[in-house]
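Below are structures written as C-alpha cells.
Shared chain: chain A. Partners: chain B in the first complex, chain C in the second.
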Partner chain A sequence: MPENQEPRIGVYVCHCGGNISGAVQCELIAKALKQLPNVTITRTDESLCSDAGQSMIEADIKELGVNRVVIGACAPMLHEQTFRGAVTRAGLNPYLYQHIGLREQDSWVHGHDKQAATDKALRLMSAGVAKARLLQPLEPIRLGAEKHALVIGGGVAGLRSALDIARQGLRVSLVERSPFLGGRMAQLESVFPTEEEARKLLHALIEKVAAHPDITIFTQAEVTGVAGYVGNFNVHVQQHTRGVTNENAEALMAACSQEVPDEFNYGLTQRKVIYKPYAGCYPSTPAVDWENYNGEPISLNGKQVVLKDEPKAFELNVGAVVVATGFDPYTPPQGEYGFGELPQVVTLPHLIRHLALTKNGQPLQWNGRAIRDVALIHCVGSRQVEGIHQPQADGQVNNYCSRVCCTATLHMTAELHKRYPQLNIFDLHQDIRTYGRGHEEYYRRTLEDGVRFLRYNGEELPKVSAAPKGDIHPVLVKVKDRLTYGEEIEIPVDLVVLAVGFMPRDIHGLEKMLKVSRGADRFLLEVHPKLRPVETAVNGIVLAGTAQGPMNIQESLSAASAAAAKVASLLGRGHVELPPFVASVDEHKCNGTGACVEVCLYEGAIALQTFEENGEQIKRAVITPANCVGCGACVSACPNQAIDVQGWTLAQYEAMVEAIGADMSALAEVAS
Partner chain B sequence: MSARVDPQFLTEIKKYGAVNIEACFNCGNCTAICPLSTNGETFPRRIIRYAQLGLKEPLLSSKELWLCYYCGECTRTCPKQANPGEFMAAARRYAIASYDPTGLAKALYTSPILSAIFLVLPALLIGLGIYAFHGPMPTNALKLFDFIPAGIIHNFGVIGMILLAVLLLAGMVNMSIKVKGEKTPGVHHDWMRALWETLIEVLTQQRYQQDCETEADKPVWYLQKWFIHASTLWGFLGLLVATALDYGLEVLGIKATGTWVPFWNPIRLLGTIAGLLLVYGTSMAFVRRIRKSDATSTYSTISDWAFLILLWLTGVSGFLLEIALYLPQPGIWAYWTLLFHISAAGELLILMPFTKFAHAMYRAIAIYFHALKPVPVAEPAKAGAD
Partner chain C sequence: MSVQNQQPKILILGTLSGGYAGADSTGQSHLDYPANTYILPVMSPVMFPPEFYLRAFERGIDGIIVMYSGTDSPYKVEAEGTAKLINRAYQMMKERGIDIRRLRLAAICTVCVKPFLKEVNQMNDLLKGIGFVKDELAGRASAMAGKETAHG
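And then the complex of A and B:
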C-alpha cells in the first residue's frame, strides 16, 4: 500500500485564474517548497479544479508514486471534495490529501501587500506539507441505516415530503397530531397565483399519499420521545383512539349534542365534539375531540354510549426525520388595532372563513351589519419594532416579515372586489412585498379596481377606534399616510381586517427531543441558508415548510421536496457514511478519568465502559462515532492525551505550528 | 386635524376627464419630471393623491392646480399610463365647476345635452335680441352702425358686463377664500410685489416658455405650445384694448366707433396685429386638438371645443369686418357678419365663468397667492456688534 511507504508529497499551487496569482507569487512558492524533505514534486496551474488540472494530479500519483497530496487553492468548502475525488480515482486513500485555502484566507484579504501575501502563503503551504507527512489513511464512518423515514406533520409540506420519499423506495411513517390531514391549507379557499381551489389541490396530494403502499398514516398521534442517531432513530409515538368505528361514526355524530367553537372556522361557527372539519376531509371517518368531550354518555338506538380514549404507545425505528410541523397565524393581543375590543375588527384568516361561509350572491355582512367600507391593515404581528409593539410572551417582538400576507391581503381584496364591486376597500401597508411570480399582478389589478392604498410608517401605526355616536360607520381608522405627505387621514369603515403574520408554533418540546435549534425569529433553524437550506445541525433531521419560517404554499412544497431529496440520498443505500473526523481513544493511554465525558456537549458521543483485562475491571472511554461531531473538547480535557480527533491529531497540529513559525528566509532565498 | 376620505370622489372627478388616473400608484415620477414643481412644490402627485382619497377641500384650496400649464411631461413619463397631465386638467375643470355658484359650469362639463342647449341659446338670444333693433343695410357705403345702432350694442354690453362681473366676482371670492389659507398673525405679505409678478407672468407666460417647453425635439418657436397659447392670449387682450380705445375715441367725440380709419392708425394697427395673433393661436390650437398632436391635445371636452371655437369665430368674423371696411364695394354679407360677430363675442364673455375661459382668471389668482411671500422682518441690530 502506498500510504505505508515513506511519504512522497505532491504540492500544487493553483493560480485560480489570477484570483490567487494576482497577490501570491505561486511559482516562487512551488520552487521554495521543492526544498522541503519528502516533497517529490511541486507544480502550479492556472486552474487545478479543471479536468486537466485533476488529471495532472492523478498522473503524478500513478507515475511518480506521489502518496500525499497538498493543494493550495480556494476555500475547502468549494473544492476539497473535488480533489478528494481526484486522489481516490488515482487509487489513493482520500484522506491522504490536505487542502489549504490560499484564496479566501490569503490572496483576497492581502491583495494590497503582495510580499506579505506570498510570505503567508509559503507558511500556510509548508504547514500543509508538515501535516501531510503525518497523514494516515482513514475510512469514513459507515452506519447501517433504516430505509424508513418519519414525517412529523400532515399539512401540505409533510404530505409532499412523505410522497416524495416513498417514491424513492423508502418506507414513510406520517404522524399528524390532529385527527385529519391537510393542515392550514385546508382552511383556505382559492389560492394565489393560480386561483385554484385549495382543498381540491390538497386532496389530489392526499389521495396519492393515502394510496401509497409504503406510507403509513398515524392521525391523532404525537411524538413523545426520540433517541438514537442518523440512520437509527428510535421514536416513541402516542396515538389517541379515534373513538368511533366506521359503522357507528355517522350515527354517533348525529346523536351527539355537545357543541364547541369550530377552530376550522376560527370559532365563527360551532361544531359537535364528534366531528368532521369539512365535507370531503381525510380520513372521512369522524373523530372525537378528546380535549373538549365532557364524558357524558350519548344515546344511540336506545343505548347510552360513553366514549373512551385509550391512547396507545408504540415505537418507530427510522433513519431520518422530516419536521413539517407548520405555523400558527398570529393572534393579536387584546386591543391591538382594537382587536378583541371592537367586534368589527377581525383577522384575515377569519375573513377567509367568513367569506367561505357567505354564499355567492348573499350580501357581505358582519355582526348583522351590511359592509360598505372595509380597511385592511398589513404587517400585523410582523416587522414589529421594539418599543413600539407589545412584545410576545417571551419578551421578543416579531421583527421578521411574514412574506405571505402582502399577496394574501391583495388576493383577498381582489376577491372582495370581484364578489362585491360596490365595496370601498382601503389597504394600509408599510410596503407592498408581492415578490412571487404573478403576485404583483394582484397589486396592479386591485389598484385598477379602485382599492385605495395608504402607506404608514412602521413607527407610527394606524389607530383604530370606535366612531363617535352619530357617525354612520362604527369604526374610524386614522393613519398618517406617507403617500399624502404624512397628512393624517381618517377612514370611516364597517370592518377592519388585520393581515396577521406567521407565528412559530409551540411544538410541545419536540425541538428539545430532536435537539434541533431555533433561530432568532424562533422558527426552526437550518444549518446554513444557502449551503444546506433544509438540513438541521442534527444529522438526519431535516425541515420541511413553515416550521422553518414564513413561506407560501409554493415555497413550502419546494422545501418539502428538497427535504425529501435529502432524506432519500441519505438513506437510499441502506447505510450512512459520515466523515471520519471524530474522536478516537488510544486504549493504551486511557485510564478512565472521565474528564472527556464531563466536557462533551453531544449526547451519546462518549461514555465510560468497563472492560475486563487480565482479570481486572478497567474503565475506558468509548466513542460512538455517529454522535461525535469532532469538536475536540475531549481532546483538550484528557489529562493523558489519550484522545485525538482523526485527521486532525495533536501530532499533526504540532507539526503545523512548528512549520508556520519556522524561519522561512532560507527557503525563500533559494527560490528567488 | 385629520381629513376624512371620500371614496365616491374619484367617480365624481372622473366625470370631468381624469382618464385612467386610478392606475396611479403614487410613485412620484410626475412630480420629479415636472419643470414647474420645484422648491418643495409637490404636484401633480399631491393633487392626484387628494383625488384618490377624496380629500376635496385640500384639492380645491391648492394653488398648484393652476400653476400647471399642461406641458405633458408627466404624462409622457408616467410608468402606469395614468395620464397625470390630463388629470390636472380635469381637476381644474372640477375646480371651475366648484367655484361657480350657479352650477352651470358643472352642467357644461358633465352634461352634453345641457351643454348643447347652453351653447346655442345665448348666442341665438343675443343675435335675435339685437336684430330686433336693427336698422337699414346701406349698400352705397358700409355703415355698420346704421344696421345695428352702437347704443344697442352698448346697452346689451353693459347688461352683460354687469352680470359677468357678478359671476366672476363670486368665483374669484370662492377661490380666493380657499386658496389663501390661514392667516398667520403678525406676518405681512408683499402684495405689491406679488401683483407685479402676477402681471408679468400673465402677460409674458415666461414660466411656460422657459420651463415647460423642455422636449428635446423642440419645434420652431411659432409651433411651440407656449407661443400658440401666448399668441391667443395676446390677441385677445390686444383686441380688447383696441375695441375699448376705439370706443373711447367716440366718447371723446373724436370719431364714431367702427368707422374707417387709415390702415396705419395706431389703434387699427393694434387691432389688426392682435386679430392676426388670435386667429393664428386659436387655429393652431384647433389643428392640434383635431390631430391629437400629443398627450396634451388628445382629450378634449365640449367646453374645450366651445371656448376655442367661439374665440376663433369671434376673431375671424372681426377680421372679415375689417376687410369689409377697406373694400371699395361693401357687400350685404358684412352686416350679417357684424350680427354674427356680436353674438359670438357676447356668448364668449357670458360663458367666461363657466368654461375653460375661466382659467384665465383662476390662474392669475393662483399665481398671485403663490407669489405672495411674507415681508422679511428686519432683524434688530445686535447689541455689541461692531
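And then the complex of A and C:
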C-alpha cells in the first residue's frame, strides 16, 4: 500500500481565481515548501477545485507516487469533501490529505499586506506538511444498522418526522407520553399566516401517520432506558394501559364523576379523569388519566368498576432516534405583571383557549365581566435581563427571544378585532419581530385596525396593578412609551394578556439516557447551527422541532423533515459509516490506570478490560468507536500518552506548532 | 522572499463548532486583523494536556488563544474540562516564569466576528507590550543559573 511507504507529499496552493493569489504569493510558497523533507512535488493552480485541478492531483498520486496531499485553498468546510473525493479516486486513503484554509483565514483578512499574508501562508502550509508526514490511513467506522427509527413525541414535528422517515422505506416507532397525538398544535384554533384551521391541518397529517403500515404508534408510553449506539440502539419503553375499551369507554366516561383541571384549556375548564381532550382527537377512544385517577370505583350498570393500570414494558431495536419532545409555554411567577394576583391577568395561551370556548356572537367576557379595553404585553418570559427579571429555578434568566410570540400576539390581536371590533386594544412591546413571510402583514393590518402600539424599554418594564377603588376598570397598566419620547402613560383595562415565550421542557431523564447536551438557553443543542443543524453530538440522535428552541409550526416542520432526511440517509443502506475521528488506544503504552474512563462522559465509549498476556492478567482501555464522539478528554487525562484521537493526534499538533514557531528564513531565502 | 521573524506569534486553537468557524466568518466579512495569527482547527481543546501549552511556548509561540464553544459546546465535558486544564497550565506557567496572560480561553461562536477580532487584537496588543516569550524563558533560565552559582 502506498500509504505505508515513506511519505511522498504533494503540496498544492490554489490561486482561487485571484482570491488567494491577490494577496498571497502562491508561486513563492510552492517554491519554498519544495525544500521541506518528504515533499515530492509542489504546484499552484488557478482553481484546484475545478475538474482540471482535481485531475492534476489525481495524476500526481498515480504517476509520481504522491501518498500524502496538502492543499492550501478556501475554507475546509467548502471543499474538504471535494478533495477527499479526488484523493480517493486516485486510489489513496481519503484521510491522507490535509486542508489548509488560505482564503478566509489569510488572503481575505490580510490583503493590505501581501508580505504578511505570504509569510502566514508559508507557516500554515508548512504546518500542514508537518501534519501530513504523520498522517495515517484511516477507515470510516462501519456499523450494521437497524432500518427502524424511534420518534419521541407525537406533536406536529414528531408526526412529520415519522411520516417522512416511513416514506423512505424505514420502519418507525412513535412514542408519545400523553394518550393523544397532536401536541401543542391541537390547542390552537388557526395558524398564521394562512389562517387555516389548526386541527384540520393536524388531522390531515395524523391520518397519514396512522394509516402508514410502517409506523407503529405507542401512546401513553415513555422511554425508560437507552443503550447502544448509532445503528443499534436498544430502547426500553413503558406503556400504560388505556384503561377502557372501545366498547365501554363512552359509558364509563359518562359515569365517571371525578374531575380535574383540563390542561388542554390551561385549567380554564374541568375535565373527567376518563377523557378526550376534544372532539375528533386521535386516538378517538377516551383514556384514563392515571396520574390523577383517585382509585375510586365507578358505578356502571349497577356494577362498581375499579380502573387498573397495568403498564407493559417492551424493547425496541432502532438505528436512530428523533427527539421531538416539544416545549412548554412560560408560566409567569406569582406577581409578574400581576399574574396569579389579579384575576384579570392571563397568558396568551389562556386567551386562545378562552376565545375557542366563546362561541361566535357571544360577548367577550372574563370571569363574567365584559371586556372593553385589553392590553397585550410582549416578551413575557423572553429577552429577560439579569437583575430585572426573576431568575428561573436554575438561577438563569431567559435571555433568548422566543421569536414566535410577536406574530402570535398580533395574530390574536387581529382575531380579537375581527370578532369584537368595538374593543380597545393596546399592544405593549419592546420590538415587533414579525420576521416570517406574511407575518408583517399582521402588524400592518392591526395598525389599520386602530390597535394602539406602545414601546417599552426592556429595562423599564410596564407596571400592572389593581386600579384605584371606584375605577370602572379593574386593572391599571403604566408604561413609559419610547414612541412618545418616554411619556408615562396610564391605561385602565379590563384584561391584561401576557404574550409568554417558550420554555425548554423538563426532559432531564431522557436527556441523560440519550447523552445529549443542552445549550446555554437550556434547549437541546445541535452540533452546529448551520452546518449540522439537526444532529446532536451523539451519532444517530437527531432533533426535530421546539425541543431545540423556539420555532413556529412552519419551522418545526422544516426541522422535522430535515431530521427525517438525516435518519433516512443514515439508515437507508442498512449500515452506517461514521468518520474515523474517535479515540484510539496504543496498547503498548496503556497500563490500565483508568484515568480515561473516569473523565469520559459518554457511556460505553471507553472501558477497562482484562487481558491475559504471558500468563499475566493485565488491564487495558478499550474504545467502542460507535460510542466515542472524539472530544479527546481521555487524551489529556492519560498519564502515559497512550490515547489519541485518530486524525487529530497530539503528535500531529506538536508538529504543526513546531512548524509555525520555526525560523523560516532559510526556506524563504531559497524561494527568493 | 523574506519572512517576518520579528513579530510575536499567536497560536489560535479554534474548535470546529466555535472559534475556527468564527475565524472563517471573520474572513467572509473581509475584516482585517494582525497577520501573526495562526489558527489550527480542533475538535475540542479538552484534548490538550497543560504541558502542550508549555511546549508551544518553548517552540516560539508567544501567545495562545483557545477559542472554544464554552457552554454551547456539543461535547459535554468541553467547558468545564478545558477550564480545568487551562488552570493547571497557568500554574505551570507561573512556575516557569511565563506571563499567564499569554494563554487565554475565550468562548467564540461560529458567527462571533466582533469577539474574535477583540480577542486577537487584545492578545496582539498585550504581546507588543510584554514581548517575546523566549525572553521570559531566557530570563528565567539565567536567574536559575545565577541561583545555582550562588549555591555552588
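Note that in this section the second predicted complex is superposed on the first by the 529 of 672 C-alpha atoms of A that agree within 3 Å, B and C clash if a C-alpha of one lies under 4 Å from a C-alpha of the other, contacts with A are read in each partner's own complex, and residues count from 1 in each chain.
Methods note: contacts are C-beta pairs under 8 Å (C-beta built on N, C-alpha and C of every residue); 3 or more make two chains touch, one makes a residue touch a chain.
Fair warning: this is a prediction, and the values are worked out from it, not measured in the lab.
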Which partner reaches more residues of chain A (counting touched residues only), chain B or chain C: C
First (chain B), second (chain C), both or neither touched by A:Thr484: first
Partner chain in contact with A:Leu601 - chain B first, chain C second, else both or neither: second
A:His528 touches, of chain B and chain C: first, second, both or neither? second
Touched partner set for A:Thr194, first chain B, second chain C, both or neither: neither
Contacts of A:Glu654 with chain B and chain C, given as first, second, both or neither: second
Which of chain B and chain C A:Ala633 touches, first, second, both or neither: second
Sites on chain C touched by chain A in the complex: 1-5, 9, 11, 16-17, 21, 23-24, 26-28, 30-33, 35-44, 46-49, 52, 55-56, 59-61, 70-78, 81, 85, 110
Residues of chain A that touch chain C when the two form their complex: 25, 28, 32, 75-77, 101, 103-106, 108-113, 115-120, 122-124, 127, 515, 517, 519-520, 525-531, 536-537, 581, 599-602, 629-633, 635-636, 645, 648, 650, 653-654, 656-658, 660-665, 667-669, 671-672
Complex contact set, residues of chain B against chain A: 1-5, 7, 10, 22-23, 25-26, 42, 46, 49-50, 52-53, 55, 58
In the complex, chain A residues that touch chain B: 373, 424, 426, 443, 447-448, 450, 452-455, 478, 481, 483-485, 487-492
